[in-house]
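Heads up, the next two complexes both have chain A, just with different partners, chain B and then chain C.
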Partner chain A sequence: MSKFITILEGLDRRWIFLAMAISVAGPILYIGITGKTLPETPTPTARAVYKEIEALSPGTPVLLSFDFDPASGGELTPMATSLVHQCAARGLRMVFIALWPLGPQLIDETIKRVILADYPNLKEGVDYVNLGFQSGNESVMKVMLTDFAKAFPITKNGVAVGDVVALKGIQRVDNFPLLITISAGYPGAKEWIQYVISSSGGKIKMVTGCTGVQTPGLYPYYPVQLNGLLGAIKGAAEYESLVNSSLAPKDSSAAVPAKYLEAQRRMGPQLGAHLLMIALIILGNIAFFAQRNSKVRATS
Partner chain B sequence: MKPSKTWVIVVAVIVVLVGIRMTIGQGMARAYVERIDQSVEVKANDTHGASTEKWTEWHPVAPKKFEAAQKADPSQTKFAFSWANTIGLWLAAFFTLAIFSFLYRDNPGYRLAEAVIIGVSAAYWGVIGFWDTLVPKLFGALTPNLVHDQVLPSLPAPTNGQVVAMCFALALGLMLLMRLAPKGGWISLWPIAFIIGVTAGLKIVSHVESDLVAQSIATFKPLVQPIVSSESAQSGWMLWPTIWASFANILLVIGVLCCLTYFFFSVEHKGVAGRAARVGIMYLMITFGAAFGFTVMGRVALLAARIEFLFDDWLWLIDPAGKRIVEVASAIGSMLC
Partner chain C sequence: MAEGSPRIMKRLVPMWIAIIAGFVMLLSAFFPITESLGETVGEIFNVVAAIAFVLGAGSLAKVNLAKISRRDQGWGYAAITLICFAITLVVGLGKIGVPQSTQFPLLGWSGEKDAEGSIFGWIYEFALVPITSTMFALLAFYVASAAFRAFRAKNLEAILLLSTAFIVLLGRTFAGVVLTGWLPDWASGLRLENLSVYIMQVFNTAGNRAIIIGIALGVTATSLRILLGVDRSWMGSGD
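Moving on to the complex of A and B:
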């Protein structure tokens, strides 16, 4: 036992890195080869996101703000895909904006991956529009509260917003009944709550998908100021399973496309990594208490 | 830095494994593109007549499509191997591995990747700042005709108020640059004071509304929260949901009060106050644990995304999206299933 404790105490941290790499890579290989994913049971926060979108009637405008960049893509891209998938299936008018400089490219990729691939009947400028990036962080949000066209005067493709059918009837941000933000930090979900939701007097509802780092800070806002929350990759996987099960044709056994299973695929590596973390915490505690006991014995 | 023997062995093993992988099955890490011919009708105006502008775009495509097209017609030109995208793919794999190599120890590959990230990010921010902020907002207001004719034909003409505001912003921006001048650095204090004042003004109101008032209201919860079945409203409370909802509300109220007591230093933390503060510490510890757990989950998701990229796009070991026809892994998959 004491030899084992000595080994633990002097363990090179690179062995832990190697164990983490194996615990993540192993499930990726297994899931990638077999196509099997872990089952998901949606929690109330993920169900709330689904319900808020489902409650809107077809043709209702929704504002989708892509406030992230590729650095957070591993967590947030699956959410973006599923959110746009549900909005497109519901027939909502999707108005995309970005408060992060790399957001417009991620919007284009999502449009290509979901709308152009699976909903080719939806027309750009009529059923959806990408308004691109605006610098200014919170000030853009404040301007949108009084004059939406002032904050976003032209689309990403350079068309004046006055000529865009998808923006018909939109003068201010509170003309959107629902705001969906996919958030990786500042500016993001917290700022939308502070500057738009608080000032709109309940006219606009908001749901968000955010990174794991942001999630604990956003829970206090749910469910009063925030109507739905997808926390990290777990929230993405729950919501993804909910959307997939609701959109799957009842009389078909066709497999769900891989792009709509991205978050569920990532839960396998999560399981491996978390099991390793738990094992390391237990081993660390065993080493700590054994060391403390031996010190006590030595002093007495 | 002289590389250690172990380091050389690790790199050599990786290179050998990648070399072996390249010779198995269809090989690995190749990118293909599809040629799409585009055209647009240009209407006649005062300076030129009607015309048709044509150009060719090359869009990334799955290797499966290229293989199928080649099989049907080996002389086809619609799909092609892309050197540029393939080099990009290899560079992405190299930089991913270079960043990961820091886990072993600092090395020239890691430092190269780090320098490239910093350089590219700085350049990207510079370009974004110029084209997305200076051109549409500053030049669009001060030289609207130039911007309208040369860059953004749809940009609305600025109002007088916008022009005045942009002159003010330009002046503040130039004053801010005085920080770099050998003399007159104090001039930059004025725009800094302006920025701090505006930011504080914006934030105070929103924080009070959303974080103080709204959060205080959200804390006023009934200690007994009756839950009635939506299906049979007349049948009374649902026992277990009512107990759980009430328990959650009680925990919330106790947590808020105890955490506030912990941060209340005007009273010595003894007796009732001491016990409440101790409970507050426990709540805080649980909160930190939950935050740590979420952070771990986030970081593992990012790691999984990069490893998935290496296995799927680079090594062609897995193929969740069905981008390729025959895979080394598919044979193993059929055995496992």
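Moving on to the complex of A and C:
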């Protein structure tokens, strides 16, 4: 036992790194080979996101703000895919914007992955439009409250917003009944709530998908200012399972494409990593108490 | 006059810009008649924010060039940063390798800088995305190492923190369902996945709301000090 404690006390952190690599790689390989994912039971916050989008009638404009970059794409890209998937299936008019400089590229990737691949009948500029990035953070939000076109005067392709059919009837940000943000930090979901939702007097509803770090900070706004919340990859997996089950053809047993299972596939590595963390905390505490007891014995 | 001018430009002008812009934004939130003024200030801010990118680029070049010229420790990294920065800037601004836009075929440089096949698009897809994703993924390794060394049940508070962490860690994965899924419906509140949600919605929300209210009060006080010209530390002085 004492030898085990000695090993624990002097454990090189590279062994921990190796253990983490194995606990993450194992499930990735297993899920990659078998294609099996873990079942998800959606929590009320994920259900709320689904319901808010489902409640909109076809043709309703929705504002989708991609406020993240590829660094947090592991958590947020599956959410973006599922959110756009549901909006496209519902026939909503999607207006994409970004308050992060790398957001427009992520919007283009999502459009390519979901809309161009599975909804080729949707027309750019009519059913969806990418307005690109605008610098200014909260100030852009404030300008959108009074004049949307001043905040985003042209699309990413350089077309004046006045000529874009998808923006018909949009003068101010509160002309959108629903705002969907995918947020990795500042500016993000919190700023949207503080500067737009609280100023709109309840005209706009908002749902968000955010990183795990942001999630605890957004719970205080749910369900009054924030109508739905997808927290980290777990929230993404719950929402993804909801969207997939609702969009799956009733009379078909065709497999769901892998791109619509990304979040659920990533729950496997998350399980491995969480179990390892718990094991490491327990082992660390065993070493700590053994060391403390030996010190007490030595002094007495 | 010679001594007074820098003081006016460096201290008084920025202070009055901040005071006027701050009051305009404040009033525009309460009086609809001043809404357009607030909008104008917002637009000015957006333009300044765009110019800040140029300032940031200049600052990046200045800091790294100074490191290289002094041969500071790790100056090679500074050189790599500058080379990468220069390459990205040139291929982005020059739209090198960008295919012509199908929408505006007669206009030169009308293609998108990050279009498929462009060098900028290649840098984004094959350099930026893997690098940033890798940096983020490394967190898992460091968090695991830190958990092993620092997460100790030293006292009651630490034990409570540890228990909460275990519930949330298990409840946010399928392990929670496996471990406590057998509990009957009348005790479903004790299932790990439900306990995890309960912790986030009740304890976390209560604590976070207290923090948010405290921050809001602090922001109000600091904003008032800036608006009234009492706090000038944002100008980089020790006032």
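Simple rule for what comes next: the second predicted complex is superposed on the first by the 300 of 300 C-alpha atoms of A that agree within 3 Å, B and C clash if a C-alpha of one lies under 4 Å from a C-alpha of the other, contacts with A are read in each partner's own complex, and residues count from 1 in each chain.
Heads up, the rule we're going with is that contacts are C-beta pairs under 8 Å (C-beta built on N, C-alpha and C of every residue); 3 or more make two chains touch, one makes a residue touch a chain.
Remember, predicted model here, so these are calculated numbers, not experimental data.
Legend: residue contacts after superposition of the two complexes on their common chain; A:280 is shown touching chain C, with no touch to chain B.
In the overlay built on the shared chain, the residue A:225 is in contact with chain B alone; chain C does not reach it. Once the two complexes are laid over each other on the shared chain, residue contacts for A:175 go to neither chain B nor chain C. By the touch criterion stated above, A:270 is placed in contact with chain B and with chain C alike. In the superposition on chain A, contact of A:60 is made with neither chain B nor chain C.
When both complexes are overlaid on chain A, the residue A:158 reaches chain B and chain C alike. With both structures placed on the common chain, the touch criterion links A:288 to chain C but leaves chain B unconnected.
Touch criterion not met for A:200: it reaches neither chain B nor chain C. When the shared chain is aligned, chain C comes close enough to touch A:140, but chain B does not. Overlap of the chain B and chain C contact sets on chain A: residues 17, 20-21, 24, 71-74, 134-135, 139, 142, 158-159, 199, 215-216, 220, 231-232, 234, 270, 273-274, 277. Those residues of chain A lying in contact with chain B across their complex are 14, 17, 20-21, 24-25, 28-35, 71-75, 101, 132-135, 138-139, 142, 153-154, 158-160, 193-195, 197-199, 211-213, 215-216, 220-221, 224-225, 231-234, 257-259, 261, 265-266, 269-270, 273-274, 277. The touching residues of chain C, counted against chain A in their complex, run 25, 29, 35-36, 38-39, 42-43, 45-46, 49-50, 52-53, 101, 103-104, 110, 112, 114, 124, 128-129, 132-133, 135-137, 140-141, 143-145, 147-149, 151-153, 162, 165-166, 169-170, 172-175, 177, 193, 197, 200-201, 204-205, 208-209, 212. Taken in their complex, chain A has these residues touching chain C: 11, 13, 16-17, 19-21, 24, 38-39, 41, 43-44, 69-74, 102, 104-105, 108, 134-137, 139-140, 142-143, 146-147, 150-151, 156-159, 199, 215-217, 219-220, 222, 231-232, 234, 267, 270-271, 273-278, 280-281, 283-285, 288. Considering their complex, residues 103-104, 124-125, 128-129, 132-133, 136-137, 152-156, 202-203, 206-207, 209-211, 214-215, 217-218, 287, 290-291, 294-308, 311-312, 317-322, 329-330, 332-333, 336-337 of chain B touch chain A.
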